[in-house]
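Pasting the structures in now, so scroll down.
Two complexes are shown next, each including chain A; its partner changes from chain B in the first to chain C in the second.
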Partner chain A sequence: MTRILGVLGLLVALYAVLLESNPAAGSLRNLIYVGNNQGRYGLVTLGAALVIIVGGIDLSIGSVVGCAAVLFGVLMKQGVHPVAAVGWVLLFGVCVGLVNGLLVTRVRLQPFLVTLCGMFVFRGAARMIGGAVDTPSVLEAHPEYAGALDALTAVLIGKNEKGVLVFPAMFALLLLAAAAVGFFLHRTAYGRYWYAIGHNELAAKYAGVNVNRQRTAVYVTCSALAALGGVLLLLNDSTISSDTAGAGLELYAILGAVLGGCSLRGGEGTAVGMVLGAMVLPVLETLVSFRGLKNDVIPAVIGLTLLLGTVTDELIRRRSRVSR
Partner chain B sequence: MPTPRLAVRGARKQFPGVLALDGVSLALAAGEVLAVVGENGAGKSTLMKIVAGVYTPDAGDVELDGAPVRFATPASAIAAGVVLIHQELNLAENLTVADNLFLGRELTRGGFLRALDRRAMNARTADLLARVGLPAERALERVERLPPGEKQLVEIARALGTDVRVLIMDEPTSSLTQKETDQLYVVIDALKAAGVSVLYISHRLAEVKRVADRVVVLRDGRNAGELAKSEITHDHMVRLMVGRDLKQFYPKVKRSGTGGSAVLELRGVTFRGGPVRPVSLEVRAGEILGTAGLVGAGRTELSEAVFGVRALTGGEILINGTPARITSPADAIAAGVLLVPEDRRLHGLVLAESVGFNLALPNLDRLTSLFGVRRRAERELHATWIDRLRVKTPSAAQPVGLLSGGNQQKVVYGKWLARGPRVLILDEPTRGVDVGAKAEIYALIDELAGNGVAVWMITSDMEELLGMSDRVVVMHEGAIAGELSRAALSEEAVMRLATGGTGT
Partner chain C sequence: MSRTLRAAVLVALAAVVVSVPACGNKNKGGGDRITIGVVTNCTDPFWDLCEAGAKKAGKDFDVDVLFRQPEGLDVAKQMPIVEAFVQQGVKGIAISVINPKGQKKDLTRIAAEVPLLTMDNDADADTGRLAYVGVDNAEAGRAVGRLVKKALPNGGTIGMFIGSDVSANGTARTQGVLDELATPDANGKAETRKLNGKDVPGKLYGKYFLVDGEAKTDGGPEKNPQQYPHAMLGRLEGVPDVCLIGLYAYNPPAILSAVRSKELIGKVKIVGFDENPVTLKAVAAGEIEGTVVQDPYNYGYKSVEILAAVARGDKSKLPTKSMAYQVVTKDGAPDQTINGLAIKFPKAADYEVTIKAQFASIGK
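And now, the complex of A and B:
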């Protein structure tokens, strides 16, 4: 609870500074823009956070996002209908998660190692299937997809047919997904199992929980969300390069999860916290640019913010432990 | 006796809830091998750890060659020449034998650079290995590649490297073959001849007879007696180890006892990581089958195999007469076989989560509807079992790790009772539980058996075993050493079987 209040306070403060810094920052257009970025980060953060709750880690998220985006574009170019292509890309995500999950649970490899390898493998795979993809060239080859692609962009991104952002659809998507994650996490037996596994895998096993199956399911969810993130990336940016698409996103996702109250030791985290945690970084990024700082400082600002948050959190935790 | 090498006088050590040592004394002469024997929990390990500086005693003195010493750490004990070799060996497996011999006190040159003086160390290594009868070429072998017996010898060699005066060996032969054990005896004889004093702890009384010059028997944290070389016999030691009054603590209603049919039956069961000797036993409806044995007899491992944690490698498990396929705890639970594990903090509870979370965890399948976990049903379950087991907790939301040991254990029972056991396996049912909660748990177990549950109780607590069991199976080194009916049940009979003696 204090964790949620903490990240909420941070968000409010960041928004306050943002709105105060520049009138343009408070424009509806900018807020929608920031909201959409939050949605995109948030979706992958949900997956990363679930994996962290069961005591794992997924470093392959960024590469899976990139690979999924390239795959999405290439499939459409090859003549797969956009809606069907979305289905295939999501299936790709499910398969990636299945492989990660099985390697972690059955072969008993360390999640860090498995997904670090995945990070390289899927980045390489993205380069192999296509250097760069863009929606204009898809439409050039298949003009008949224009309607479907516009519809997808409108529903998933919130851009009208002219490409103008009119509604934060990705943020809405995040809220929807977070509601689903929250239901599973806080209202069903599965969520209980995930917390139990994260805190004490053996006790969960001795209570009859099929630990391997639950873990695998969580990895599948995470990678499927990352694949969805890839679809969104291409729809939003219309042009992406396989070298950079989604690069580093796994770290943003992990950061969001931790800011939102997930402990890297596992067993802790809430759906609300995940959303709030994921909302911090996009605000911070806009803030940096509106303050007239160079983009180059963004990584440093992000790193310092997290460090500050972590230190504060640890100090609060220590104090509450002493007073107990 | 002249000034003893080592003297302990009136050592006392209190742990939360347990008085582990209550004024124990012993004296050890130079070049003597003194065996310390006693049942599980008699205080042997605590005494050794006090001597070796792992624990500091609450009261009492330790003297070395007549001078009082008080070791704050194992390092200071080692510096004074008192070395403890743990049951689980403390070698760095990934390093070579030579590296291990000098770990933490490497011979170095070059002042603060601490450059390793390989030549000096190699020379010394060869000497130390020779003294324990190991060939010099072992020096560069990585420890993980050595058989258990040689690892034990490396430990001894390391102790010799510190100019040891008192060597304490805790169950040194538990993982050794007969041949390796014989080699160990040779080394011990050589140590004696060199004037090293040895404190030797073992469960294996035959071994004690072979190796000890004198025996000190502990019981319930006190000296129970002492035997000179000529007096050391198996029966004599057992008689001193046991022999105390049973407290009138146990409910013991008049159950028909062995009337029911077999609910759980093991036929020639062998399992992964276990001994190859197959185990057969049965637990009947409405009885409490006690299972005794010394630490390491394989009782916990057997229960884990039945609960689906360890894979079977042979034999079969029958539930109500039909073969059951149990490959995971989930399978066991589905078959109505529930386990209260030995280590509740590791296997029994999610300590960081609440009392309610833990009570509900294995029962969520019964509390779930299409809309998730039914809140009201769950609250009812919490209230029912907190109330029926009288768990002392401010609320169901209290983290279970903050409760006392007894109340934690009640939560473990609660989560299984809420499910309704057919077979209830209890591994050390009251370990770390205070006396009041103990009596409540005993009444509960008795009531369960009275209601037809097949209870299989594994315990190292002799009073508990004698007080609660309708029938007892004794294990020794992974096999069933014998069965005792209620009428034949006595502490002496159990200990005789548990220490590898023959039955009645």
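And now, the complex of A and C:
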């Protein structure tokens, strides 16, 4: 419980300052908009957090998101039905995770190195399969997909056919995914395996946990969520460039996970914390826009706020450990 | 527990309250003052000049200006800013569009809510945008082509570099250069030439052989744009009559640095675009043949002026034709009328002074 107090406090404070900054900030429309961004960040954060819980790290998330988004667009352009394309892209994510997982567990390479290489590989792959992808070009090539694309956008993003955001579907998706992650993490033996692996891999192994299989499963989940993130990115923005799509997202995801109470040493973290951690950055980004901050100070303000949030969180945890 | 909770909330609140509102002006959307939002396509000194102009117009026409430069030609970073502008009730938005086709739906939706002006990079007219503030990039591209012709009057090998080939300004500018080079000959014929001992594919435009037959895209100033001209110079080692062309503001300095590192200044010609301070200095020193400038200060100034007038119900200031580019060279030249536009040919040293004053006005 104490693990999520810090991030909850930060979130409450950020929302308070946001609502105070402008009357329009509290409008339903704005809150839905922010919520949807939180959903998009949150889905990849869940994956990053699970990997962190088993004592690993995934730096390839952003590139996988970008590559998945490009792949999604290119597949549709080539004549794959949008719904089938989503399936293929998710399968791509599963394969990426499988490769990452096997390299880490079977070849015994450092996760940092494996996924750092993945970061370059999948960015490059994204550039190779397509420069810039946009849904209008897809529809030019295949006007018959208009209905399916609109339906996908409505269900997964919450935007109507005119592009108006009517429901925070990505946030709903995050809650669903978080509920599933929470169920596995806190209510099944798998969760206990994952915490055990993160805490002490050797002990987990001697206790009979199939460490390699569990780890690989977690990497697969992470990359599949990242691939889903790519699908959402293209559906939401309707245009992406292979150079920039998802760039740096892995760091946001890791940050969200850590803010939400995951320890980079592994073995710690809760599903609620992950969601709260992922919610921080979109609020902060909206806040700097509403405040009309000067461009030059924005990155520093975001960094400092997040740093202070982490420091607060750490202090609370230490204090609670002492008082226990 | 309640003590820790209190401490948590208090410390976090303090953190935010200290760091966030300390800077920046608060914009209460419901107030009387008009607020105009301006958003660019990436972060660059080019946009600092635009910001200087926008801020000046804000003062001159008594409106608040929110000016944002999102990172790296990324729609996912640009649109949340526009969305925040809309929701905080700005009375007008000026935007440099990243991908006209892909952003069309969102821009159409936004133009229906808030007066929307495109600058530097246009959107399709049927998005409902009020007007486009900027140069005609095809014409400006032709001016670049004329500089190349002047640098290599007998033809030669050219390499072109640009940030993106999907943006409206990117495609028009590139095409303008090639059209000018091809005039009056046929253009775009595929050809392979043996350069530096290797077969190099390309296309022939008039007397000019374009390496790889396309402008090389680098994705933005953050993506180490120097590596591309550097690699190109490696491929063209020993080849005579080479001219490298940089079409986005950061490209000419990137080319210059690659040419310098290979000690080829003077041997390899460079033609630039935009008024990066490094570019201007190099033009004044004779290291770059010339650069075609758009006057981003005026983009910012005009955009805010027009949107402020529209917010007050006056649509008379909407521009009916594109703005005139200028051609900056070492020695300058008298003004000319080219294709109906009054074009100035300032001296690089003089133009540098103007730019410095513009940067200084926003403390840069």
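By our rule, the second predicted complex is superposed on the first by the 309 of 324 C-alpha atoms of A that agree within 3 Å, B and C clash if a C-alpha of one lies under 4 Å from a C-alpha of the other, contacts with A are read in each partner's own complex, and residues count from 1 in each chain.
Note that a contact is a pair of C-beta atoms (placed from the backbone, for glycine too) under 8 Å apart; a residue touches a chain by one contact, two chains touch by 3 or more.
Not measured: the values here are computed from a predicted model.
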{"item": "Combined model on chain A: chain C and chain B, fit or clash", "value": "fit"}
{"item": "Partner chain in contact with A:V209 - chain B first, chain C second, else both or neither", "value": "first"}
{"item": "Per-residue touch tally on chain A - higher for chain B or for chain C", "value": "C"}
{"item": "Touched partner set for A:R192, first chain B, second chain C, both or neither", "value": "first"}
{"item": "Touched partner set for A:A257, first chain B, second chain C, both or neither", "value": "neither"}
{"item": "Touching partner for A:G267 - first (chain B), second (chain C), both, neither", "value": "first"}
{"item": "Partner chain in contact with A:F183 - chain B first, chain C second, else both or neither", "value": "first"}
{"item": "Touched partner set for A:N200, first chain B, second chain C, both or neither", "value": "first"}
{"item": "First, second, both or neither for A:V51, with chain B first and chain C second", "value": "neither"}
{"item": "Lowest inter-chain C-alpha distance for chain C and chain B in the superposed arrangement, angstrom", "value": "18"}
{"item": "Intersection of the chain A residues that touch chain B with those that touch chain C", "value": "none"}
{"item": "Residue ranges of chain C touching chain A (in the complex, touch as defined)", "value": "1, 4-5, 7-13, 15-17, 19-21, 23-30, 43, 51, 64, 66-69, 72-77, 79-81, 83-85, 87-89, 98-99, 101-106, 108-109, 164-166, 217, 219-220, 223"}
{"item": "Chain A contact footprint on chain B (complex, rising order)", "value": "307, 309, 328-330, 332-334, 339, 341, 346-353, 357, 360-362, 364-365, 367-368, 371-373, 415"}
{"item": "Sites on chain A touched by chain B in the complex", "value": "183, 187-189, 192-193, 195-196, 199-200, 202-210, 267"}
{"item": "Chain C partner contacts - residues on chain A that touch it in the complex", "value": "1-2, 5-6, 8-10, 12-14, 16-17, 21-25, 27, 29-30, 33, 37, 131-132, 134-137, 162-164, 233, 236-241, 243-245, 247, 285-295, 297, 301, 304-305, 308-309, 312-313, 315-316, 319-320"}
